[in-house]
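Same chain, two partners: subunit A is paired with subunit B first, then with subunit C.
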Partner chain A sequence: MKAISVTEPVVETRSVTGSIICRTSASIMVPFILLWGLYVLIHGALGPGGGFQAGVILAAGFILHTAAFGLKETKKILPVKLVMVMASTGPLIYVGMGILAIIFGGNFLEYGALPLGHSPAEASKYGIEIVEVGIGLTVMAIMVSIFYDIALRKKVE
Partner chain B sequence: MITDHLSVLIIAVGLLGAFFTPIIGLIRKEMCSLWASFIILLQFLISIFLLYQVIIAGNISYWLGGWEPPWGIEYAVDLLNAFVLVIVAGICFSVSIYGRKSLGFEVPDKELPLYTLYILLTTGMLGIVVTGDIFNLYVFLEIGSLAAYALIAMGGRHSLTASFNYMIMGTVSASFILLGIGYLYVMTGTLNMADISALLPSLYGRPVILVAIALLVVGLSIKTALFPLHTWLPDAYTHAPSAVSAVLSGTFTKVGIYALIRVMFTVISPSYVIETVPVMSILSWVAAIGILAGSLLAIAQYDIKRMLAYSSVSQIGYIFLGIGMANKLAMTGGILHILSHSLMKVGLFMVAGAIIYRTGIRNIYQLKGMGKKMPYTMAAFVIGALSMIGIPPTIGFASKFYLAWGALGAGEWVFVVVILLSSLLTAVYFWRIFENAFFGVHEDIKKDEAPISMLLPILAFAVITVLLGLLASLPIGIIEQWVTGVLP
Partner chain C sequence: MRRYLAILSCALFFAILAYGVPDLPDLGDPDAPANKHVAQRYIEGSYTESGVPNIVTAVLANYRGYDTLGETAVIFTAGITVMLLIRRKWN
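What follows is the complex of A and B.
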């Protein structure tokens, strides 16, 4: 529940940043973590990986960024509202692909019917790829929003 | 043609609508409830069209992704599915109109998560009903349940505990259901309902099947709040926002009952659960105890929503009684009671919500003069209560009549006595409200009726309760046709 209600005005906690070592190593690692996340995402259909794993890796990148530079900085890159839109875009892509398949004359989620690639098999591959991107987006957004909610929680007396 | 895809579109529209809600909410918060009503109206229209299609052209089978059934997921719609679909979608739609004011009052400033979850709950329930794949059924059951836990938790302070209790019970029940499905899968190697029922007969001697049936029955009984397993229900319904209690009482438990009927009579053959293993007669005796216990507990309550919740426990017993007796008449009565109890209980919960909206009163003994203050709302309450007691010409009378008739036909005199006794007990606990609301007030009380968007659904339910009571042959015809096809 909390994960979705991130737009509520919450008390801003004091900005905590890591040490110089933490910040320096994070600034090197974060881009590579994100890149690796994208790699896992794209190779989900053929190799090991997929939307779920990629989403978690991408979210881990942002969480490391928060640990090093503080919540304020991360929220500049990934505002709460954007996270929410991303979280709901994922399922929309998934269902949208299903409905697109109907529009192109197949059954629901019949990727083979989509006009992608040269053969139905290739169309299936790309169709699943697009769905994986949707899954990755949602998983990442939900992980980040859970993290935001915990980080922004008011102190419990 | 788009009409070939309706059985999956009813789910796809819901999912699209649900996940579009936060985006709409970010632009304009007030639009969320309208959007939810619009999406659920679409689902309602699709469900009506599906029922029409099934009546005209016979059963519908839809292959997701174009994969043939034993391998792929199949959406199979027959008369029972379509009938329950219309009930669920119709009730969710009317309550979403009612909820605009009621939820706005009881759960202020939470439109985004609220309506997303509301559409997800509706979609989850419709998914349980529409699917022909037993694992898909479990997935939708979880979608619906998770949405229900969160919706209940929005009711304020006490609702958190209630929701947590429900979550524990619900998770236990979901584990039982999953284990039961797992055993069936291990034995047959398939998850398609029709395929399982074709493969099962050769395996009926095996103890694993017995374990699977036991797990499924107990799991679904917790979800439907059959008497000794009902403990989560009163707290959840009392503390949830009124509109949410209305939807849950009217549809969620009914969908669980639908799942039980589907598993027992379609997946596992009726002759096995009636004759070889007496699952059905055990269920009917438990239900008979539940009917009386629920009514007695309802008499002891003074909170109006809590009383209605215990009354739900008793009324769910009626449905189980009808299914448990498993003869054609009683079964028809039981399934008809799904419809009638949904109509009456949703109406009554909406009235309770309207009273809370206007006055904040929940205690029955403080309702003095409510008949003058909110005359139309209370009139609808009286009609719902009369239907609950089983007075003609309401739909409640029709279903109870069939139940009693079926019990007489089966020679189960105890059940006839239970039905009559419980009707009297129902009259007792509703009479307390009548007495307080309508009698013993002489001073002038200013009329202060509920707002029109709340009053309309309430009155609509009252009218439909009576109308369907007069035209009871319509639903009975559909149900009898299905029952005749299933029972030997």
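What follows is the complex of A and C.
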């Protein structure tokens, strides 16, 4: 029995892609899953939805892409560095909206003070939407990042 | 012996919780304490104050914006921690 070292990564190079059925159905489904994720993100103010749910749906689309086409192909569309930038952009957008509200004379995160739209209510609607986009970006990037981290433990090319 | 103690303590806590259930207010009771404090303000004022028809989103992102900011920070921190602990390759 071979002991597996904790510090040394298991170096094993093999091609991991799904079957032709998996790849064909994934190539049809992935765009619709991503579109559905964007719909949930934008629709959050009107009905069920919002940043957290949309982020998870978008991440699920990319994880399905990995399951079908392999990690190498997914990392061409969504490089690890881009994922890390996206993950930190979300809180930046959120805190930025809060600071922007202070600059325009309100309290922290008081979207009604922002000069958007015609009334404070409309300004706060746009503020909520922008903040939801930030949340969705962070959740999506973190889900994909955790998935990459677990998938990269074994060297799969 | 320890297993029986665990089963006994679980049964005891279940009995305590079950004893408290009849005293809970009915679901959707307008006179329940949870519905008398801020819920009325949310239902009446969330559209004119936040501009979004979805009360849940108005509460989540506007009235409790600090809380949601904290949640986002928690998710971000969790992801960074996983990165630091188990990431092998940084490219």
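Following the convention adopted for this analysis, the second predicted complex is superposed on the first by the 139 of 157 C-alpha atoms of A that agree within 3 Å, B and C clash if a C-alpha of one lies under 4 Å from a C-alpha of the other, contacts with A are read in each partner's own complex, and residues count from 1 in each chain.
One rule holds in what follows: a residue touches a chain if its C-beta (ideal position, glycine included) is under 8 Å from a C-beta of that chain, and two chains touch if they have at least 3 such contacts.
All of these numbers come straight from a predicted model, not from anything done at the bench.
Novice: Counting touched residues of subunit A, say whether subunit B or subunit C comes out ahead.
Specialist: C
Novice: Which partner chains sit in contact with A:87 here, subunit B, subunit C, both or neither? Use first/second/both/neither.
Specialist: both
Novice: Quick check for you: in the superposed arrangement, does A:122 touch first (subunit B), second (subunit C), both or neither?
Specialist: In the superposition, A:122 contacts subunit C only.
Novice: Please indicate which partner A:150 is in contact with in the superposed arrangement: first for subunit B, second for subunit C, both, or neither.
Specialist: In the superposed model, A:150 contacts subunit C only, not subunit B.
Novice: Does subunit B (first) or subunit C (second) touch A:31, or do both, or does neither?
Specialist: A:31: touches no partner chain.
Novice: In the superposed arrangement, does A:109 touch subunit B (first), subunit C (second), both or neither?
Specialist: Touch partners of A:109: subunit B and subunit C.
Novice: In the overlay, answer first, second, both or neither for which of subunit B and subunit C A:95 touches.
Specialist: Both: A:95 reaches subunit B and subunit C.
Novice: Find the residues of subunit A that appear in the contact set with subunit B and again in the contact set with subunit C.
Specialist: Residues common to the subunit A contacts of subunit C and of subunit B are 81, 84, 87-88, 90-91, 95, 98, 108-109, 111-112, listed in rising order.
Novice: Per the contact definition, I'd like the list of subunit C residues that touch subunit A in the complex.
Specialist: So the residues of subunit C touching subunit A come out as 47-54, 56-58, 60-62, 65-66, 68-69, 71-73, 75-76, 78-80, 82-83, 86-91.
Novice: Subunit C touches which residues of subunit A in the complex?
Specialist: Going by the criterion above, the answer is residues 9, 44-48, 50, 52, 80-81, 84, 87-88, 90-91, 94-95, 98, 108-109, 111-112, 117, 119-125, 127-128, 131-132, 134-135, 138-139, 141-142, 145-146, 149-150, 152-153.
Novice: Give the list of subunit B residues in touch with subunit A in this complex.
Specialist: 2, 5, 8-9, 12, 15-16, 18-23, 26, 62-66, 109-110, 112-113, 116, 150, 153-154
Novice: Contact residues on subunit A for subunit B in the complex?
Specialist: Per the stated touch rule, the residues are 1, 4-5, 7-8, 81, 84-85, 87-92, 95-96, 98-99, 102, 106-113.
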